[in-house]
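Look for chain A in each of the two complexes below; its partner is chain B in the first and chain C in the second.
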Partner chain A sequence: MKEKILSIIYAALNDASEELGKPELARPGPETHLYGRKGHLDSLALVNLLADVEQRVADDLGKAIVLADERAMSQKRSPFATAGTLADYIELLLSEG
Partner chain B sequence: MGRVFVITGSGKGIGREMALHYLAQGNVVAGCSRGEPSIVDKNYTHFQLDVADEKAVVAMVRTVRKSHGVIDVLLNNAGIAAMNHLATTPMQTLQKVFATNVFGSFIFLREVAKVMMRAKTGRIVNFSTVAVPLRLEGETVYGASKAAIEHLTRVAARELGSSGITVNAVGPAPVDTDLVRSVPPEKIDALIARQAVRRFGTFADVIQVVDFFIDPRSSFVTGQVLYLGGAG
Partner chain C sequence: MDWLIDRLRSFAGKSALADGGKVYTYAQLAARIEEHGSLLAARGVQPGRVVALVAEYSFDSIALFFALVRHRTIVVPVTTGVGGELDDRFADAFVDDVIRIEDDISIQPGPPRAGGTHALVQRLRDAGHSGLVLFSSGSEGKPKAMLHDFDNLADHYRARPARDSVMMVFLMFDHIGGMNTLLNCLAMGALMVIPDSRVPERVCSLIEQHKVQILPASPTFLNLVIISEAFRHHDLSSLRLVTYGTEPMPESLLLRLSEAFPGAKYLQTFGTSETGIAKTSSLSCTSTLMKIDDPDQEYRIVDGELWLKSKTQILGYLNAPMDGFTDDGWFKTGDLVETAADGFLRIVGRRKEVINVGGQKVMPAEVESVLLTAPGVEDCMVFGEANALTGQAVTADVVLGEPRPPLAVKKALRLFLRTKLDAYKIPTRINVVDRTNFNQRFKKIRHKDDSSPGGSV
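Coming up: the complex of A and B.
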């Protein structure tokens, strides 16, 4: 499941890379920084990425999730730090049904 | 080609009339209310839900997007009113009015905005009331909920402006629907007396404003609240 989620995030990052003109996002891995101190995305780009990922999860996995969860906003280690932490977080949301 | 509309509170009143109007123009409409559908049309789909039920709204927006790919217009119309002096207003009234008017409008705004952000275009119209600028006595809770919607409208317009999405609000003067039928007639008369044009509003008056806001040529009109009847 984790691999499937990562591939969804990578697809969304590929699109974002083109749109934002950021080639460093074109070949993403689990360690790719999204948001925060070393992040490649500003807050608006993050919001767009999350909206995109939510819709891809709905289309590809048939599950409706809302990434703007209370916990995501309050966790010490932000789930939006890297592609890997985002995938872990989505896996958690999916496991909760 | 028709556009894809999401209209909340399409079971009766203003929401139902708007749905019929946009269907007649050849658009696709997804509507919702807690009650049974009251429109039968091949381009109409009804979702029986409470707008404050986040899970149900997320599922509805997802279904509409899956069926049509895009959502062009959101008319955030579902709303309930409450008339009461603040000294005798129970807590439940606040909870009910805010749940439907503020939370419901917000959840739809958020979910539909995410779909529109991907498309880089969209039109959102929220529903306020002349009770806000007129500071109507007896409607503290209803007015406060609509004032909150006006603020959501203005800030959302800024946050979504770069995505090609406009967010505006219409503030109807009294229109003869179930919502105002529970208000004592002398109260309505007093309200109408404070308007510049002293008559009831009609469905067509409201639709006229909505038509303007959702026009593709209105891409430079956003963050505005337009009151009918010259109130405010």
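Coming up: the complex of A and C.
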């Protein structure tokens, strides 16, 4: 499941790379920084990425999840730090049904 | 009020109303008003009563409406589409009698109520004036019952010169826009065409049949005329003037309309249920800049919001406090405007529809206007959705000419918009929908879970 989730995040990052003109996002891995001190995205780009990932999860996995909400904000470690932390958080949400 | 009845009589053999395949003359209308007046007297409907008229526009309902105002009652026009809310409306407007036009005209008592009538109603009674109660849309809470002094409102139309024109009525008489068309037509001796349906194809066919010259409509409806291609199937060369209002006009749509109806001029109308319709002029047919040119209306702009004070404003609300009015009588319209040189204004949207993305303001109409120029987009609606990161995020519903996968559409549209809009204005979510969310008056409802009719006008 983790691989599937990561591939969804990578696909969304590929689109973001093209849209934002940021080649560093074109070949993402689990360590790719999203938002924060080393992040490649500003808050607006993060909002867009999350909306994109939500839509892809719904399309590919048939599950509706919400990534940008209070719960995500209040996690000890930000789910939005890297592609990997985001994938962990999505896996957690999906495991809850 | 008598001046209007006298005027209707003076137009005698001219055509007044086209309704359901028949065309009625002014003489017939004046005669029917007399008949209905006698009926009201015979049935004991006293002057000063608050009378709900449950009906759509028709020869009979219009005659009855004028019989009622001439009889100095306070009329509450309610269209049948209101459904289950009827009883609430009757109660909120202090309705004494309910008139329905079915096979026959039925007059029944309104719902029982404990106290007397409203102080404002009493004031009209004491003055011996007729009244009109209109309801707000309810898009900002419970619909407000607004009381107009109808004698005063109608007087605003008294100076209209007689003119041979043919006008379509688009809005109903429970709406200030529909009332404006009615009073304009009758004061000028024009022919008013009542459409039996608001499907673009039908409206265009009636324009052809009656050689309609003036079409008042909303931008949402005009866009439907374009995307349905209804304008190609009928001879619309009679159209001289298209007036638009009730919501901001995307400049991109105005350009497409000018191509579709090259013979017509375009005029922005502006008004509110609270203040009546102002006389306006547009800078040009392809410009959304307009000027309020009305001796009966004053305006000012406070913090970007348009405030109006008019001689035709309401006496007050029957079921709500006077929020929205200042102590010295200015009405805060809730419409945000931009100003340009020489006193021209542009309506940019509703204050409550402004989307706040991390502190930056986005006007839905601006984004919609650009989206409509994107290849394949036939219609769209932009609104804000709550977002934990930026407070709100921009969402767009789009209607496509040809089906395409949603993710591909989103990517293509975001890339298209990138060169035309600031990043924070570009929709985060783009949903492909079959039709945008508009109400029965063809006005967009910019939030998802609201199917209530109406809005500002």
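Here is the rule we go by: the second predicted complex is superposed on the first by the 96 of 97 C-alpha atoms of A that agree within 3 Å, B and C clash if a C-alpha of one lies under 4 Å from a C-alpha of the other, contacts with A are read in each partner's own complex, and residues count from 1 in each chain.
In this section, contacts are C-beta pairs under 8 Å (C-beta built on N, C-alpha and C of every residue); 3 or more make two chains touch, one makes a residue touch a chain.
Every value quoted in this text rests on a predicted model; they were computed, and no experiment measured them.
A.B. asks: Based on the superposition on chain A, does the combination of chain B and chain C result in a clash or a fit?
C.D. replies: Once both complexes are aligned on chain A, chain B and chain C clash.
A.B. asks: Specify the partner with more touching residues on chain A, choosing between chain B and chain C.
C.D. replies: Greater contact footprint in residues on chain A: C.
A.B. asks: Should A:26 be classified as contacting the first partner (chain B), the second (chain C), both, or neither?
C.D. replies: In the superposed model, A:26 contacts neither chain B nor chain C.
A.B. asks: With the two complexes superposed on chain A, say which partner A:56 touches: chain B (first), chain C (second), both, or neither.
C.D. replies: second
A.B. asks: Is A:46 contacted by the first partner chain B, the second partner chain C, both or neither?
C.D. replies: The second partner, chain C, only.
A.B. asks: What is the contact status of A:64 with respect to chain B (first) and chain C (second): first, second, both, or neither?
C.D. replies: first
A.B. asks: Determine, under the contact definition given at the top, whether A:1 touches first (chain B), second (chain C), both, or neither.
C.D. replies: Neither partner.
A.B. asks: Clash-wise, after the superposition, say which stretch of chain C runs into chain B: 45-53, 243-251 or 261-269.
C.D. replies: It is 243-251; the other listed stretches have no clashes.
A.B. asks: With the touch criterion stated at the top, can you tell me which chain A residues are shared between the chain B interface and the chain C interface?
C.D. replies: Residues 44, 47-48, 51-52, 55, 59, 68, which sit in both footprints.
A.B. asks: Using the touch rule from the top, collect the residues of chain C that touch chain A in their complex.
C.D. replies: The contact residues of chain C facing chain A are 357-358, 387-390, 393, 406-407, 410-411, 414-415, 418, 423-424, 426, 428-429.
A.B. asks: Name, in rising order, each residue of chain A that touches chain B in their complex.
C.D. replies: 44, 47-48, 51-52, 54-55, 58-59, 64, 66, 68
A.B. asks: What does chain B use to touch chain A in their complex?
C.D. replies: Residue list for chain B touching chain A: 54-55, 58-59, 62, 65-66, 110, 114-115, 117-118, 162-163.
A.B. asks: How about chain A: which of its residues touch chain C in the complex?
C.D. replies: 15, 18-19, 43-44, 46-48, 50-52, 55-56, 59, 68-70, 72-73
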